[in-house]
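Multiple structures follow.
Both complexes below contain chain A, partnered by chain B and then by chain C.
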Partner chain A sequence: MHKGFKTTLYHIILWIVALIFFAPVFWIILSAFKTKDQILSIPPKWFFTPTLANFVDLFTRPNVGTYIRNSLLISAIAVLIALVVSFLAAYAFSRFKLKSTSLIMFFLLSIRMVPAAASVIPVFLMYVALGWKDTYPGMTLFYAMFSIPFSVWILKGFVDGVSERFDETGLVNGGSRLHVLFDVVLPQVRPGLVAAFIFNMVFVWNEYMFNYIIGGKTTTTVPVALVTWMLNQGGVDWTFMASLTVVFMIPPILAVYFFQKYLLIGMTFGTVRGEI
Partner chain B sequence: MSDIRIEKLRKEYGQTVAVNDVTITFPSGSVTCLLGPSGCGKTTLLRMIAGLEDVTSGEIYFGDQKVTDLAPSKRNIGMVFQYPVVYRGITVYENIELPLLQEKLSDQERRKRVMDVVETLGLQSSINKDITKLDNGTRQKVAVARTVARQPQIILFDEPITNVDVASKDQLKQALKDLTRMLKQTIVYVTHDQTEAMTLADQIALMKDGVVVQRDAPRSLYNQPNDVFGGWFLGNPGMNFFDLSAKTNGHGTEIQTGLFSRPLMIEGLEKDSNIKLGIRPEQVKVSGKKNDRMVQGTILRKSIVVGGQYLVTIKSCDQTFKAKVEPETGYALKDEVWFEIPLKDIIIFGPDGHRLDVKTSLA
Partner chain C sequence: MENVSALQRTAGKKPWHKKLMDGFDNSNLFPYCLIIPVLLFFIIWNLIPTLWMIGMSFYNYAFTTGAPEKFNGISNLIDIMNNDTVWGNLGRTFTWVLATTGIETVLGILLAFLFWNSAKLPGRRLALTLLFTPMLIAPASVGAFFKLLYEPDFGVINYLLSLFGIAKINFLGDLKWAFPAVTLVDVWMWTPFMILITLAALGSVPKAELEAAEIDRLPWTKRLVHIIWPYGKFVLMLGILLRTIDSFKTMDLIFMLTRGGPGNTTELVAIGLYRKAFEGFTMGWSSTLAVILLFIAIAFTSVYLYILNLSNAEKE
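The block that comes next holds the complex of A and B.
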């Protein structure tokens, strides 16, 4: 087959796949600017006068601001805690080479392999017993715990990419281990930290099940609010769902747009780095 | 400033002994090169001095202070590694200044220290450049400058020129030479490159299999190696060695060999021993004309060595050896030549490979 034709065909297939994946997103974005009748009309209305009434309605509803704030605070604080712990753990795994490092790393990642449904009941019982259900510290710590394994994996790759000669230079130049950790190694794994932050932020931002089970009225985040409110008027409230979904999508899209370079580096676990 | 005293220092990795009960003193204010082939334990020894490796046994003293168990950061040392360690994202100036920020110095004093080393190492034109834009040679200069600016009592260099491109190598070597002469600090410099060691060192400690086999001034080490290893390792190429048998008769102990015009007499040798005779290629005299001390040989091979000299392989009787000759001699392969091995330059080693203190003459 001619090379040019193959490339064209390849691009056409890519566009078709991309459009299929993007179609529901496109539909929800369009719906956010339609009236309820326009959303439900058959055949679908492709040409209409956009309205911001759905967004005005959204922000006049009680608690919507709280849900968005909950999502932002819980995910940001949880991921920041996870990053601090993960960076220290990744450094320790990278530098103090215990014989059991591989095994511990495997166990750490295996936490992420456990289906959420299998752990939700024990976590619920534990949270009730500890009195942590529907508390900010409880939700934040849970998400931090859930973000740590993957962050350790990403960051260990990055710390491995920083030659130990940097540490040694710092140490012989009179620096303490903490100086080496935060002034020498940390600046060099910044792309990894950004990548880990975004990966985990998106995960926590989208998480539904645990917030539904161990959260409550105080700590409800947007995904739970979306499902709860969507059906609470005896049918699907399409205008609410579409407008809240669009607002909900904005932070991750902005994060991915601005930090996509770091995400690509993060996906290679920092392995493209050289010796020094 | 203080000297470095190493007492019976040992490092084992499982069954492997990397450093084998080494006892040595690195004098205060001088440059000592640890020279030896790869894997001889020189870097391990240096890293133990720096505190980057735990010792298996033995002690390390800086002056009167025992530092064996002291953390690297408490030893007041500086170290330059094989790979240029520089911090990305900051300028050359900031790289040099970084460790000084931890010390209680005024801004003026800090700037002065940075600028002094910048000037010494000729980094003025690079001072505000991003470190990633520089070649390896300049990066290594920055690493050296960062170490020197701290003014530690001891500076350790771990093969700092090895990973620098050829073009920058000589320049960096010269810069290091100027710097070491100026600093007058206690410097230990690890290298496997004898030229580097000969250029920079006040004394060389030659290592083999985890042991310091000889420590001497460069010229003494070259001319008077304590054992066969020193003769072989130093020089390009190393010494020629001849396995010979000495027999004792009524006239004394003598060696019958075709290498000399007459039998070689050795005074101070045990009866009937096997010895190794060593001579450096540049000390063998080669001529197209015969005299009474010369022996005939044939040129087998010929190649150019550094400095424009020719390295020729000569065969005489059943012995083959190397000699250096000037290009104008114009020898060709299979040419018949005359050679002399001067008695003042030969070294006699015993069967165990150690140099023997004997006198030689021709019968």
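The block that comes next holds the complex of A and C.
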């Protein structure tokens, strides 16, 4: 009985911690169902008649659908390209002990560390010169580049963990290198792929600066729309902000909910493959 | 000769893609073929722009004037070296990195230990998802809404404080409060990431060893030092590295919250650079600062990798 009580208390504490972190988000979600006056009222309104008017208003605005589609397409395609490229490289780095491995791995990490404002300057100059600014390929490939470093790091860890015997067996049995690569090794690094996908997807999904600088009218994603549309006729358009934020947070939250197991394993960088 | 032709005949019977694969498989070029895509990305989106930027850093080039760029040697560099704002921003950035990464790491580790044995928690998947939501929301949204939360007249935080009889504080407009207030938002946003990483690190400790320690009734401190740390440190260090990197780059969040103000109390080096490059359009000067940041980044990464390699070597 005593032990049961302790467990219950422990579980209650865990839920409280989770809810504390969630509280501000919950407040944003509530705001999405309020009128503008209710959002700004002090003391805050905890009880109110929820309204869907904000969401109706959101989707009647011009281009909101385009922005959401841009966000989905650009981030999904960019991260998928990055994963394929990174997986090939991670396999090469892991199996063939190339002399350049550590140097390339090092540079990949260094690029990630440069502040966005610094790394975007040369790319901006290049894109303007080549006419790639505000094009889908230009935007997508740039984000792919940005997702590669982390993906290579995480995937190399996982490929390292797959015994080379699998490769040998595959080759001896007459499989080609590519067969080994995609049918033997790939399925075993799935947690790494999922973790890399979610991690990079969230980054690209929420990224603002690059899209603002090297994107434009055709490739605007939701974060840029949020910032540029925030100020509407003199005041901040809170109902628009709240409803768009809520719609926009759904995909990453669903991804984390459904792929949580893989995400936790993936974040071990291949040091563990069992359940956490 | 006959053997060779026999081989050729059998080879000829293979479908074309098999033949292609054979050439691929037996060639020493295979590993290099695998890294060609990564190298292409690296060259087009990093090497060329970086060289361009380094070149640009020796010029006086402003977008707005339309004047052709003028070579002016290292005078940009000299100007930056004597620029107090840049040095102030750099110092503030290091304080920022240290404060945010430090608090997030400590808090993340403590909370992860709390969540470690939560396998039987009812609704664990939902609880962890809620716990992780802060890092899933666009910094642009987070910035906007925390600005509202901190607001002296309409803000919930000041309302809650007033319930305890505390006078209104203009958190984001006050020279003293702005930096801590922004730090708090970052801590809220990224502590979940450190929890996630620490949970992963704790997960990489073999269960058998932990059970053995349990049977031997090993004290907590010894378990921590002899079992958990050796297995978990690699993942944890990598997590801290990633957090340091992203903290160094923080931009969207602060931009939405304070735009670097009041005064320049929350102006980090990335924000100052953005201002110069895309509000002042002084591309030459900004390129020079960007090159300096690139070198700082490389130096940082080297130190971290050195530490990581050490801990890896010990493990093996």
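To be clear about the criterion, the second predicted complex is superposed on the first by the 248 of 276 C-alpha atoms of A that agree within 3 Å, B and C clash if a C-alpha of one lies under 4 Å from a C-alpha of the other, contacts with A are read in each partner's own complex, and residues count from 1 in each chain.
We adopt the following convention: a residue touches a chain if its C-beta (ideal position, glycine included) is under 8 Å from a C-beta of that chain, and two chains touch if they have at least 3 such contacts.
Remember, predicted model here, so these are calculated numbers, not experimental data.
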{"item": "Which of chain B and chain C A:163 touches, first, second, both or neither", "value": "first"}
{"item": "First (chain B), second (chain C), both or neither touched by A:4", "value": "neither"}
{"item": "Touched partner set for A:62, first chain B, second chain C, both or neither", "value": "neither"}
{"item": "Which superposed partner A:145 touches (first chain B, second chain C, both, neither)", "value": "second"}
{"item": "Contacts of A:222 with chain B and chain C, given as first, second, both or neither", "value": "second"}
{"item": "Chain touching more of chain A, residue-wise (chain B, chain C)", "value": "C"}
{"item": "Touched partner set for A:213, first chain B, second chain C, both or neither", "value": "second"}
{"item": "Contacts of A:176 with chain B and chain C, given as first, second, both or neither", "value": "both"}
{"item": "Overlap of the chain B and chain C footprints on chain A, listed as residue numbers", "value": "171, 176, 276"}
{"item": "Touching residues on chain C, where the partner in the complex is chain A", "value": "18, 21-22, 24-25, 30-32, 34-35, 37-39, 41-42, 45-46, 48-50, 52-53, 56, 111, 114-115, 118, 120-123, 125-141, 144-146, 148-149, 153-156, 159, 188, 191-192, 196-197, 199-204, 231, 234-235, 238-239, 242, 245, 248-249, 251-252, 256, 269-271, 273-274, 277-278, 283, 286-287, 289-290, 293-294, 297-298, 300-302, 305"}
{"item": "Chain A residues within the chain C interface of the complex", "value": "7, 11, 13-15, 17-19, 21-22, 24-25, 27-28, 31, 39-40, 42-44, 84-86, 88-89, 91-93, 95-96, 98, 104, 106-119, 121-123, 125-126, 141-142, 144-145, 148, 150, 152-153, 171, 176-178, 202, 205-209, 213, 222-223, 226-227, 230, 236, 238, 241-242, 245, 248-249, 252-253, 256-257, 260, 263-269, 271-272, 276"}
{"item": "Residue numbers on chain B that touch chain A, as the complex places them", "value": "50-52, 71-73, 75-79, 81, 83-89, 98-99, 102-103, 143, 146-147, 150, 156"}
{"item": "In the complex, chain A residues that touch chain B", "value": "163, 165-166, 168-176, 179, 183-184, 187-188, 275-276"}
